[in-house]
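Common to both upcoming complexes is subunit A, partnered first by subunit B, then by subunit C.
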Partner chain A sequence: MATAPPPSPQTPVLRLFVLGQSETVRRAIANARTLGPVEVIDVRDDPGAAEAARILATPTLIRTDDTPARIVGDLRDLDAVRAHLGPPYDALGAENHHHHDDP
Partner chain B sequence: MMPSAPKTTTTTMTPDVTLYTLALDHLAEGVLLLESSGRIVYANHQAAMLFGHPADALAGTTFSAPIRTTGPVEITIPRTDRRPVIAEMQVVPLQAETDTLSLVSLRDMTGRYEAEAQLRESEATYRAVIATANDGFWLTDATGQLLEVNDAYLRMTGFSRSELLGCRPDFVDADEDADAVRARMAEVLESGGAMFETRHRTRDGRIIEVEVSVSFAPSIADGRLFVFIRDITPRKRAEASILAAKTAAEQANHAKSEFLAAMSHDLRTPLNAIIGFAEMIQMHMFGPLGDEHYEGYIADIHASGELLISLVDDLLDLSKVEAGKFEIQEQVVVVPTVMALARQQTATMAAEADQTIVIDHADDLPSLRGDQRALVQVFYNLLTNAIKFNRPNGPIRFTAALADDGSLEVRVADEGIGMSPDEVTKALKPFEQIDSAHARKHKGTGLGLYLCVQIMRLFGGKLTVDSTPNVGTTVMLWFPPTRVGAPAAVEAEAGDTA
Partner chain C sequence: MEFQQVGTGVPGLDGILAGGYLAACPTLIMGQPGCGKTLFLLQFLADGASRGTRAVCATCTESPERLQEHMKAFGHPVEQWMADGLLVFVDLRPVPGELVTGALDQTVIKVRLDAALGAGGADPTMGRLAIDDLNRLAYAFDPSGIAARQTLDLLRLLRDSGITTLISSAETEAARDSLVDYAVDAVIELRQTVERRLMTRTLRVTKMRGVQHGTNEYPFMIDDAGPSLMPVTQLEGQYHARAGMVSTGHARLDALLGGGLYRGGSLMITGTSGVGKSTLCGQLAAGLCADGLRVVYKTFEQEESELTHDFHGVGIDLRPFVENGRLRFVRARSVDCGLEEHLIRLARMADTDRPDVLIIDAVTSMTDLGDVTTVKSMLLRLIDTCKSRGILIIMVELLWDAQDSVSQMGLSSLLDTWIRLELQRQVGEYVRLIRVLKGRGANISHQIKEFRITDQGIAIEDPYVGGGSFVFGTEKLIREQAERHEHTRMRTRLERLQRELEVLPGAFDARLAQTRLEREEAIERLRDEINDLQRALENVHADARAVSAARGGG
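Our next item is the complex of A and B:
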């Protein structure tokens, strides 16, 4: 299966839209970072980007390459998140199980 | 079965489905139906409200991959028209005919989250108030056992937190033992609070003075006491030193007055002998003096003795005034009579200085309630001053008149050297004399005017000085309406003329 490295750090394929700082946001960021490089965008800092990405709720993780995906929530079910994101993220699931759940 | 088509196609639905969607629109929770791609196929009314978009507009847009949740997930919905909405999201899969649909339910938690945030903030605020306070703070249970103590109290006493927690106030209180503390606690629980001063022991055995403010909150847990402790040691020390200084000053002043009174009395005795024998010599009681010069000397001895007596009398009166022992008699005083008496007493002095005292008053001047002897003393003092300082041959006008408000004004006006405002201020103080060549010719204690002021104060009146250098001085004595007129008529007259 695809074992391509995560996309280059300069332009992460994964973007996480958040709003402010809360326990949920902190958890979502931590979970998202286990998937690879993530660009975290606070919708208050960049409302234009949020509108362009048609963000309805936060946290929303989106995949910006040609296999788009979007997931709302704190990403606590990392296996399901990976499965939904598809290759290459779905292959990493087995070896990485420290997901960030409720405190 | 739940509908699988977007809401926009409800017209093609069966009546049952319409009923379901109607029911969903009345649900308090937001509901989204998602395809496996994450696309919204249905949004109920409450979901539209939460997102701030019409349900029709939501349908067809992609919300999220339908990942089944095991518990509520907190999400935030950014809004351009209001503060963000905080919602708890749950996602469960539904089996539909053509696709696996997921049901997303959204419960609006904004109010609760905001309330919790406010509660957290106010808790943090109160905690900071106590933690950063300059005063010491204890939280105790209803028996006085310490549950919390702030850093300020630890700094104040040098104890560590662990040494104090679990203790009761008698552990640190230097004045109250366990029984006294128990009694105090019972009183506080009864009354709801107390403020008192006591002393606390520090860890190294020092004693500090503290002001304690306790309030009882019966509704918190099984009853809690809030205790604020302020270190008032510096204030107590200052108070003690002020008190000591005041006591010392009062003692010194008292000793001075006693000394003056005793000395005045002792000085009079030899002076009486000096004056008495001088008078006998002046009268040539046992034969002539011989040389002419002795006549002059004996006259000087007599005059000096008289002056000394009057100084001593002033000192005696001053010591009485300062000791609060100068007693004012309450008599009916006929003012013109007292004026005439004062003029008579100064007649020799006036004649020697070529001065004329002109008395002027209305015939129907009301009587005054006061002390005749003291009044004569005041008038005498003012007249002798006027005689001393008036210009040669100038008139001294000694007048009394009733003012419109029922008060009585007595004036002594000269046309003498006068005084500047600074000199007036000085003249009204004890032991001060105006330093001028003219004044130095007239020896005195400088007590005269000050005594007059004090006596007028005892009358409830005032003495004011109006003076212009080289024009003259007018001293005005003001007697309040309550002292004017026969005692029975005072009120009526004051009322009529007001």
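Our next item is the complex of A and C:
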């Protein structure tokens, strides 16, 4: 019933801006990856990208295609994240429930 | 600990802060929306960029483009600075529609700011940073301000890394509670009030670690060159002494003033309406311009064309000086802006134009805008400003008839020279009188002189002194005329007597000569007669003898 995740181009549609290595970062990356391919950018390595994307907090997940959306935080509420990202991500929520939450 | 300070780029503010904002520390500028916080930030950045210091502008509300427009409007070479990497914008505006879920960290903002400050390998601590509307960051993600603590962390990071930062924030309880007490080393509060329908802006330094800053509420204004304050001269240091006298170009006035007026001095001309204060100003302007000085004539009452026309009518032609640029009229109406703004404008004009002479006709126009105490304190600072810049300031104070020639401004102690013009009522007329009440460092005349407005400028004349009193005007003319008649009469008599004296001895001499002549004649006549008679008698005797002899007698 569910449509497949969108066909992955050269660079993923989803970008996750993080800062360094921390439990929150690891959790955010794991949560983001349940949505499909994700380009993870450490803002310390590429502050220019953070500047261009006007990142005010990490982690921030950005959908970069023509239906942009931004989600800030460790993405613990994956259902809300999917809903915010919109189609096609919003259709995946019901079957995939193994999101990463606080320990 | 010695604090390094950096220029604020706001005229007058460095003085109040005893040097400038604290280097390597965050300073908070707080105030209601629209009170000019952002402009202080922009001038701080421009001051840095103009000194070749990297200036980073982080904005949380307005677009970088908008801020660039503001800076350009103040005349800053924004594009050049941006091309040279001296001015960098960091857009900290939230992107609308963000979803927040779970823990977040705002350290990325510090990363972005560091990147901007350190671009091209620069030392971030050598730059300047301004964050406009910082309080918005706390509400970037939701209206309850979940990021407030994060914002404080950011400030702590900035402070720890020793970056000279200027932050603006709306005045909210939250800002007061958190920012003021914990996160910043200096706090400047801006306030704007509307009094008598005129906007007044004031600034107050409520916290400044380790610096003896000014503690008053200081008025400031905003115009097309940005915000500025009245300079605080006592913190700027030395006055230039009154240096050298300049001639007023009017021999009688110079004599009255003990030689002329001092450069860097102050002159107050007080008098009631119609006594000729402006005419005297015009005369002084003409004389000082002719001396080669540059004069600014600030008029609150008449327009330039009216004034020059009126002056021309009494033989004072200022137009050549307007044409050759020595004289500039500046017109303002008292209702244009608040008192402080007028005075700040004057002070700034004194600073930028650097005229030799500033004439203000009339300072009393400003009392419409504030109580006398306020006006006085502002004038005091204006006089100080002019003095410290070697500008001769000439002020006109209009007295109301009911004031009985008593100045309401009470500025005497501040003034070097004080001229009072009076109308004196006499039988059937008023006469104008001029008197120098005070002249610091000059041997002034203490006599009251008559002051007349002729078709060749002003004329200063001695009063009629006689019969134990001073008399002016027609009365003086009548007395002088009577005296002239008496003089003539006496002179005529004198001449006559002198002529008589010349003639008299001659007359007597002539009479003497005549008498002598008559005496000689009388004597002669007597002698002749005596001789005749004697001869006759002798003849008679001879005849008798001849007869006797002839008769044989004898």
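Criterion: the second predicted complex is superposed on the first by the 97 of 103 C-alpha atoms of A that agree within 3 Å, B and C clash if a C-alpha of one lies under 4 Å from a C-alpha of the other, contacts with A are read in each partner's own complex, and residues count from 1 in each chain.
The rule we apply is simple: a residue touches a chain if its C-beta (ideal position, glycine included) is under 8 Å from a C-beta of that chain, and two chains touch if they have at least 3 such contacts.
Predicted model, so just to flag it, every value in this text is computed and none were measured.
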Touched partner set for A:26, first subunit B, second subunit C, both or neither: neither
Touched partner set for A:48, first subunit B, second subunit C, both or neither: second
First, second, both or neither for A:69, with subunit B first and subunit C second: both
Residues of subunit A contacting subunit B in one complex and subunit C in the other: 19, 24, 43-44, 47, 50, 54-60, 69-74, 76-77, 80-81, 84
Complex contacts: residues of subunit A adjacent to subunit B: 19-20, 22-24, 43-44, 47, 50, 54-60, 69-74, 76-77, 80-81, 84, 102
Partner subunit A, residues of subunit B touching it in the complex: 38, 51, 58, 61-65, 67-71, 73-78, 80, 84, 87, 89
Sites on subunit C touched by subunit A in the complex: 90-95, 97-109, 111-112, 114-116, 137, 140-141, 147, 150
Residues of subunit A touching subunit C in the complex: 17, 19, 24, 27-28, 43-44, 47-48, 50-51, 54-60, 69-77, 80-81, 84
